[in-house]
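Right, I'll just put the structure down here and ask away after.
Lettered A, B and C in written order, each chain numbered from 1.
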Amino acid sequence: MLNLISLVLLFPLIGTAINGLIGKKLRKETVGYIACGAIGMSFFVAILVFFGLLQLPPESRVFEKQLFNWIESGSFKAAAGLQVDPLSSLMILIITGVGFLIHIYSIGYMHHDKGYHRYFCYLNLFTFSMLLLVLGNNFLLMFIGWEAVGLCSYLLIGFWFEKKSASDAAKKAFIVNRVGDFGFALGIMLIFITFDTIDFTGVFHAASQGNIAVGSFTVTIITLLLFMGATGKSAQIPLYTWLPDAMEGPTPVSALIHAATMVTAGVYMIARCNVLFMLSPFTMTVVACIGAATALFAASIGLVQNDIKRVLAYSTVSQLGYMFLACGVGAFTAGVFHLMTHAFFKALLFLGSGSVIHALSGEQDMRKMGGLKKHIPITYRTFLVGTVAIAGIPPFAGFFSKDEILLEAFVRGNFIYWAVGALAALFTAFYMFRLLIMTFHGKSRVDHHAMEHLHESPKNMTVPLKILAVLALLGGFLGIPGASAINGFLSPVFGEHGHVETHGAEACGSHAACLPYLMMVISTGIAIAGIYLAYLMYIKSPELPKKLAERFSLIYKLLLNKYYIDEIYDALFVNPIKKISLLLWKRVDAQLIDGTVNGVAGFVRGFGSVLRLSQTGYVRNYAFYIVAGCIFIIVFVVFGK
Amino acid sequence: MTFNILSILPILVLAGFGMLVLVVDVMSARKLGEKNLLAYLSLAGIVIAAIVSRNSTATTLFSFNETFTIDNYALFFNILFLLSTGLVILISHSYIKREDINHGEYYALLMFSTIGMMLMASGADLLNIFIGLEVMSISIYILTGFKRSKLISNEASLKYFLLGAFATGFLLYGISLVYGTTGTIDLRQIASFVAGKGGVKDPLLLMGMGLIIVGLGFKVASVPFHAWVPDVYEGAPTAVTAFMSVGPKAAAFAAFMRIFLTAFGSSHYEWQKAIWILAVLTMTVGNVVAISQTNIKRMLAYSSIAHAGYLLVALVAANNMGVSGTLFYLLAYIFMNIGAFAIVIVLSQKGDVGMNIDDYAGLGFKHPMLAIAMTLFMFSMAGIPPMAGFVGKFYIFSAAIKSGYVGLAIIGVINSVISVYYYLRITVIMYMKEPVRDFHPLTISPLIVVAIAIAVVGTLHLGIFPSKVMEIAQRSILTLR
Amino acid sequence: MESYLFYIVGTIAVLAAVYLIFERNPVFCALYLIQTMVCIAVLYILLEAQFIAAVQMIVYAGAIMVLFLFVIMLLNIKGDEESKRSFPFRKIPAILMGIGLLTVICIILKSKLLQGKQDVYTVAHIESLGNTQLIGNLLFTDYLLPFEITSILLFVAAIGAIMLAKRKL
């Protein structure tokens, strides 16, 4: 069954090819069926592969399938192979499963768009690239997938390229990601130089054999470069600015690419390279700090945003920060667990917001919503599940994963990590319920024009919402403390260091044993506090937010303008670079470089024209060249030494 | 005394079908009018020849008193030649109809020419190689002048013939000098003679070697024996241009490698220096002059000169990787070059109108599929991954580095950077300029579409999955030394 | 004796070839060509290759040259007219090249040459079998394949002649 793994990749590729080549001529229904069918079949195969893997004994749950050797030259060997292990099989389940639901949702959401086949072509291509990223058995293949998902993300953010803001956002995403990719590429080169191979098995085996000292300079540089790549793709400080802008794309795209899958690629990469990262305590500290800082920072921005999708975007950045925090303290299992639950509830929230936007004919400003509860009941109910899940109320999915991260941060890291995480959790609960209340409760602020068209979304949009709601409700039980299925499943990948055995720690004394339960109570309390605050401010006394905003106008403005980070980046990097480039262009480029290049080009062209003159068209001249060449060759061969 | 007639079965099949086409043409010309049957008949001949070529042998097999070889090397080239001829027949069908040169002789000559190529690749002595070269060349001289009513075609044919005869003189003189000094024309006996004398030191033998380089250098279009190429390529019917830019070049390289690696392999130091210079000149002149071309056929002519230069780099390296890389590159070149010419044919009109590079403006909007295919071929020729051309260049240049010719490899890479300029220019014009003309009527038929599809698949397949073909190529060159 | 004859006949052959190039009248050109062919036939005889000599006389000096002369007379070609657009100083580099090639060849011939391997077909061997019989034997044993392929070559040439020259197809 594991041999079927290439089919997982093949189906989306076929879908891309069909829709890309002849999609224009097909009927819309057919295009949709092809795209969804491709991902559906891929999902089915992914399930088969998953069960195939389960049948193996846990310690031998690694399967590699060599597809072909691309180029072989000396010690450099570029092969294409797929690797199935617990981590990648979990990832492909998430990608194809959530992807399948979002594809179905898209049929309804994109129904009126004229770029229908183009959309599905890109979406299938994205799924293919993402699967390639997680299934590749070497860094090169991973990098190819990494670049390809970046390209698809670029294409899909700029899907409505007639809108200037969309094409600007696409450009921004592309350029910011480029910075990270540069680091990733350098890291891969350094890995090849250090280990003389780029295969995961080879690199990790060499690293775990103890050839590389813990904390050695090389491995620190390698992991820092890899992490630089991760910050770009997974929108961490300082490269997170592209993600909120990326909301210019269609909402299902935001759900699939910018919440559930692509942005988690960085987390996946670090989890995949856990052997390397564990060798560098310094990098681990950097990862944890950046993760914690991003979690709090983005959550604080989310507190005051008014665009429904932007709130969710900052929430995504913040949740990704949690995952990095988990990885940074060495709790890779917790990170991947949160990745999974986050994929469920964030996809749900994005699709729900899409449904709201769809119902309101494209309105995204929450100040023009409100009271939608009775108009779109299914959306409301599923959205509520998602909100509760992300806020961290037991027994919803988000509770278990977030709680585990906070616990691990406390046990393995220090109190500060925990405190930052807990504060961010408070913010999260607050801004999510603020969003829920502003959108669905209270008085309707919808303008009457949009009111006329207000309608619940069609079945093909609500069914995926319902399924995701179930997943967001139940997904957490996979990692229930004490009997965590996911811990056991992932332990072959992460070894002993993947998670802390706190649950069986009676020997540590009663204090340590009851710590997890204490933590659960505290985090539940934090979540309820956040919810209560939101209730207080937006239902009980709606005038309170305004007062607060006036009272703390400085902070409010700071938050509303996202700490002016975009402006700071503009001032620090973009404008100086623009100025320097202007200068370079005017002085250096126009005069020096262009002069040189034009000179060289002119020389080449002039040389070419001179040579062209030799093309007289006369046979006798051509024969003359032959004789001249002949003399030259004879002299050279016979007398040359 | 072995006269294994089966060993030349592909040649016999081609000869038989060639004559069959002529007979059918005469008997049914009035009735059929369209003459589609002839194209299908020739294709059948090619396919059957390819099938009978496949009774491959792992070990070398000599026949006809050891004058004829069928080793894996010859088989590889047989398939290569048949592939190129088959593709050319596919792209010719609608073209020769458009240009009113739809004579049965066209297909027959293509097949006879292929016989010559096969003989060049399998000849175990210089005489067979020479006869093969002549059969191939004379067929192509005629094909070049096939547009009888066009002066430019006649001129090209005559030029090619005169210069070809001139170069043949050098080749023959070289062969006779080699025979005179070694007393044999059998490649393996020459090799043992040369090895017995501790390498070639005899000036007459060296001169013979130099003259053979001249003769074959003319056929592969290396500078300074290249001057005929642009004129002849431009004047010949476009489908014939496609044919002569791949088949004869591959055949000449096949003969080149067989002669120089088998017979003179033990003293490659002597000839490598000369070919080093030829390679540098060929790459540089080809690429530099290609930049200033405005006619696409002339541009492709210079590009074909440049590609000959890259292949000469592999010959200089002369190690296993270089030689098998040459085989790989030739295969890749067949796909990308015939593909490009197929698009040129589709987009030109009667009388070869629309051959200027500027005529391609806006193709990307009007005919996106054709533009994508053309972009693919141009990318491949420029050596951009993951196309076949990239992998071929990768093998060739790394072979050069392995043999210690780092300078040559650097010159090669610089040259392929230069080449990116004029290949990408076509892409830029296709996508970023407003259309200046209507592309109708397209010279299109199902056969040419099949040819383009094969070329696209081949270019991509060799670029993405090169290792299988490379393995075959590596196995094919084992019997060479 | 033989070597003197060789040098005399060889010189005549080369001189005739040079005249052939410099002569403007096509009929004279053809006659010079015949002269060269005949001289080469004599050289073959000196090399004990009587059959080839005879073939050379019959085919080249006889058939082909007669055909040449017929064509020249039928077409009534005038002497070559000097082209106005000719490459300037084209003669000087050409002569320099010719001299260069000659020098190179002379230097090579002057240098110490290796004794080549002697083939099995020595004069004694040829005389014992007979010239014609030996050629026949070789053509149908060792060189059967090139001999047969030559038929394709001739066939192609015939097609070419018809294709390119026939007025109406």
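Some observations on this one:
As a working rule, a residue touches a chain if its C-beta (ideal position, glycine included) is under 8 Å from a C-beta of that chain, and two chains touch if they have at least 3 such contacts.
Small disclaimer: the values here were computed from a predicted structure and weren't measured.
Across the assembly, the mean Cα position most removed from that of subunit C is the one of A.
Distances from each chain's CA mean to the overall CA mean are smallest for chain B. Taking A-C and B-C together, the pair of chains sharing more C-beta contacts is B-C.
Centroids built from CA atoms put subunit B at 48 Å from subunit A. We define each chain's centre as the mean of its Cα atoms; on that basis subunit A and subunit C are separated by 78 Å. Separating the CA-averaged centres of subunit B and subunit C is a span of 30 Å. Each of the following residues of subunit C touches two or more other chains: 108.
Residues of subunit A found to touch two or more other chains are 621, 628, 630, 634, 638.
Residue positions of subunit B with contacts to 2 or more other chains are 203, 207.
Contacts from subunit A toward subunit B in the complex involve residues 68-74, 604-605, 607-609, 611-612, 614-615, 617, 619, 621-623, 625-626, 628-630, 632-634, 636-638, 640. Contacts from subunit C toward subunit B in the complex involve residues 105, 108-109, 111, 113-114, 116-119, 141-146, 149-150, 152-153, 155-157, 159-160, 163-164, 169. For subunit A in complex with subunit C, the touching residues are 616, 618, 620-621, 624, 627-628, 630-631, 634-635, 638.
Every residue of subunit B that touches subunit C in the complex is listed here, in rising order: 1, 3, 8, 11, 15, 22, 64-65, 67-68, 103, 105, 108-109, 112, 115, 119, 127-128, 131-132, 134-135, 138-139, 141-142, 145-146, 148, 154, 157, 180-184, 193, 197, 201-205, 207. The touching residues of subunit B, counted against subunit A in their complex, run 158-159, 162-163, 166-167, 170, 203, 206-207, 209-211, 213-214, 217-218, 223-225, 227-228, 230-231, 270-271, 273-274, 277-278, 285, 288-292, 321, 391, 394-395, 398, 402, 418, 464-468.
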